[in-house]
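Next up: the structures, one after another.
Each of the next two complexes has chain A plus one other chain: chain B in the first, chain C in the second.
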Partner chain A sequence: MGVKDVKPTRSELIEIKKKIKLSQSGHKLLKMKRDGLILEFFEILSKAKDVRSELDAAYEEASRKIGIANAVDGTITVKSTAFALKSKPEIELESRNIMGVVVPKIESSSVKKSINERGYGILGTSSYTDEAADAYENLVEKIILAAEIETTMKKLLDDIEKTKRRVNALEFKVIPELQEAMVFIRLRLEEMERENTFRLKRIKG
Partner chain B sequence: MELAVVGNSEFVTGFRLAGVKKIFEVNNGELEPTVEKILEDREVGILIMHGDDLNELPEMLRYTISDSVEPTVVTLGGSGESSNLREKIKQSVGVDLWK
Partner chain C sequence: MQLLQKFKRGNSKKSLSKGHANYAYTIARVRAMKSKLLPKETYPRLMNMSIDEITRFIEESEYKEDIDQLARQYEGVDLIEHALNRNLAETFTKLLYISEGDVNFLIGEKLKKYDIWNIKTILRGKYCNASTEEILDAIVAGGRLNYSSLSELAAKATYEDVISELANTEYYPILENYDGTNLSEIENKLDKMYYTGLFDAVGGSKSKDRKLFEEFTRMGIDLKNLITLFRLKKSGITDPEAMDLMIDGGLRCNLKETGKLLPLSFADFVSELESNPYWDVISDIVKPDMTSLVDVETRLKNHRLKSAASFSHVYPNSIVPIMDYMLSKQNEISNLRIIIRGKAANLEDDVIKEQLVI
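This part shows the complex of A and B:
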């Protein structure tokens, strides 16, 4: 809204004053929301860093163990054992709300299994394959945890960015423009009043 | 919902051992259409892939993946996911806090 588009009337001045008040209270609220989101983000950040390093370590361990299983039992044996597995890990996505940001909560079931629940014969496989399966089950658990935390972080970051843009737009664009328009109307009204007084004096004279 | 794994035969075998059923074994050139197909699958909650495979995907698809919540994409190995998050943090907060 440019100053030129503003009609210099008293009703417009009252309207602009109302808009400024509303924008200022909105700006204050959004700033509080942004600060709150950043605090939440800091809490999640340390968790995310820990989970990422745990995940990398678990992946390294699992890769090492499957490498050993492949070397000792043979790739084909490991693959055929893997195909024999019956139960699959299930996940359930729920949502929770952090300051208006809906983030997922992932619940998992039947990730870790005991040897006899896995579905392959114990005699046909070696302990190396069991260890590899164990390591991969552990990795899947970490992946589920990482997925929850990293998604929460992504969503929080998106909302922080959005809120920051809104705060900046209000602070540096909307409120200054409204204030400029208010000053313009005030000056124009004063000018009109002076013109009126001068005109009256002229008529009297 | 289920987990899905996409990658070469070496990468996916371990996840088969952990019981994951949605396994997509891909060779060169099949990765992009397979990932697109998985992203449209409503049954998949988490997609697991290798960091190097993610880097092979076109820029637009990588952007979609980094923003995707359902399914959430988790990368292993390479430097894919942590560098994605690092960029996102820099962009949103203005400071590189992932150190």
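This part shows the complex of A and C:
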């Protein structure tokens, strides 16, 4: 809003004063939200770091276990055993609110299974296959957890960025422009008053 | 069904008659085949080679023909593994063809493991709607059911068709109870049938060679029960119904004693094991807080194979040298696969060496 577009009237001055007050309180609230989100973000960041390192460890373990199972039992055995399991892990997606940011909450079920729930017979299989299956179930659980935390982190980052832009826009553009407009209207109103006084004096004279 | 009977190997009434057994001929052929097995010095050499070098070594060995046959279908480590499996199936098929009577019957009983494995694979494939090619990829036609008949079974549209095709086989009484949901139960019954069948086949004979083979088979049952117990305990299963998984006919552990271990927790189970006849084999690696059973299973498997090697030279004109050859061949295939797959998966040399039986 350029100063030139402002109508130098008293009602406009009142309106701008209201706007300045609103912008200032908005600015204060957004600053508080930004700080709060940053605090939340750092908390989740440390969690995400732990989950990521657990995920890496689980992946390494799963690769190692499937490597041993493939070597000792053979890939044919592992592949055939995998045919016996048809059910897939179930994932339930809910959402929760962190300071106005909607983040996902992922609940998983049927990931971890006991050896008698995996569909294959116990007598015809080995502990190599059991442990490979265990390691992959663990990996899937870690992936689900990492997905929840990393998506939350991403959403928080997006919102922090957005809030920061709004705070900056209010602080460096909207409020200064409104204040400039207010000063302009005041000056213009004073000027108009002086002109009026001068005009009246001339008429009297 | 007629088709299946047409494709079944070496199980004609003549060959199954127990009166006429060609031990001398079969053993002479087996000795010639055994001389072609890789010497034990080969494995440390293979351990020092890269995957490409091992591949080349295998390509220049007895497995050349199998690799040539499969080279268009597979590549790399997969090619080697499929070639090894093909060679194993061909070798065991040859044993069924050259043997007659009692010896053919015993070899057939031992090789039922492959028939049961293939039937399970086909049922699993049908269960998860795998394609015929995917199912055939996981088949090792090393038993009496040959590749053509297994391909016919794998191509059936539903598991009901597969089971009805097997209606006149000994597996049918178990398979007819399959309702599409109880696959693990059916698999366990089939596997149990293999062990009890083998025990019945070798048991009851008074000849010393058969007694030796019987002892070996019964030791296999002991060790199978032990590792099954380990796996059940590790999973926290104490259900008395799990007793159905225990196989009767063990050599040094009876079913009653084994049953007493079933309701125990893993820690109690481990402390009770100290009185088990096989405790010495695993005592240094079994701990109440152990996380992996891989070492225990490897140790028990190796113990069984080493005990087989200890009596392989006695009773030269009996079933013993034939079974010794079958185990040695299986072991060679297993060792080669462990080395090449282990290297491909970047497993440490120590881990690979622990799994080898040399």
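Following the convention adopted for this analysis, the second predicted complex is superposed on the first by the 203 of 205 C-alpha atoms of A that agree within 3 Å, B and C clash if a C-alpha of one lies under 4 Å from a C-alpha of the other, contacts with A are read in each partner's own complex, and residues count from 1 in each chain.
Note that in this section contacts are C-beta pairs under 8 Å (C-beta built on N, C-alpha and C of every residue); 3 or more make two chains touch, one makes a residue touch a chain.
For clarity, every value in this text was computed on a predicted model and none was experimentally measured.
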Requested in this report: State whether chain B and chain C clash or fit side by side on chain A once the two structures are superposed.
Outcome: fit
Query raised in the report: In the superposed arrangement, which partner chain does A:Leu85 touch: chain B (first), chain C (second), both, or neither?
Result: both
Query raised in the report: Could you give the angle made at the Cα centre of chain A by the lines to the Cα centres of chain B and chain C, to the nearest 10°?
Result: 30
Query raised in the report: In the superposed arrangement, which partner chain does A:Arg64 touch: chain B (first), chain C (second), both, or neither?
Result: second
**Report entry** First, second, both or neither for A:Phe41, with chain B first and chain C second
**Finding:** first
Report task. Check the residue A:Gly74 against both partner chains and state whether it touches chain B (first), chain C (second), both, or neither. Result -> second
Report task. See if chain A has more residues touched by chain B or by chain C, and give me that chain. Result -> B
Query raised in the report: Is A:Ser23 touching the first partner chain B, the second partner chain C, both, or neither of them?
Result: neither
Requested in this report: Check whether A:Val140 is in contact with chain B, with chain C, with both or with neither, and answer first, second, both or neither.
Outcome: first
Requested in this report: Examine A:Tyr128 and indicate which partner it touches, taking first as chain B and second as chain C; both and neither are also allowed.
Outcome: second
Query raised in the report: Between chain B and chain C, what is the shortest CA distance in the superposition, whole Å?
Result: 9
Query raised in the report: What residues on chain A does chain C touch that chain B touches too?
Result: 63, 66, 75, 79, 81, 83, 85-86, 118
Query - chain A contact footprint on chain B (complex, rising order) - result: 1-3, 13-21, 45-46, 48, 66-67, 69-70, 72, 74, 76-77, 81-82, 85, 88-89, 91-93, 97-98
Query - Sites on chain A touched by chain B in the complex - result: 38, 41, 45, 48-49, 52, 55-56, 59, 62-63, 66, 75, 78-79, 81-83, 85-93, 104, 106, 110-111, 113, 118, 129, 132-133, 135-137, 139-140, 143-144, 146-148, 150-151, 153-155, 157-158, 160-161, 164
**Report entry** chain A-touching residues of chain C, taken from the complex the two chains share
**Finding:** 78, 81-82, 85, 116-117, 120-121, 124-125, 127-128, 130, 134-135, 137-140, 183-188, 190-192, 195, 224, 227-228, 230-232, 234-237, 242, 245, 247, 292-294, 296-298, 334, 337-338, 341-342, 344-347, 351-352, 355
Query raised in the report: Which part of chain A faces chain C closely enough to touch in the complex?
Result: 63-64, 66-68, 70-72, 74-77, 79-81, 83-86, 114-116, 118-124, 126-128, 130-131
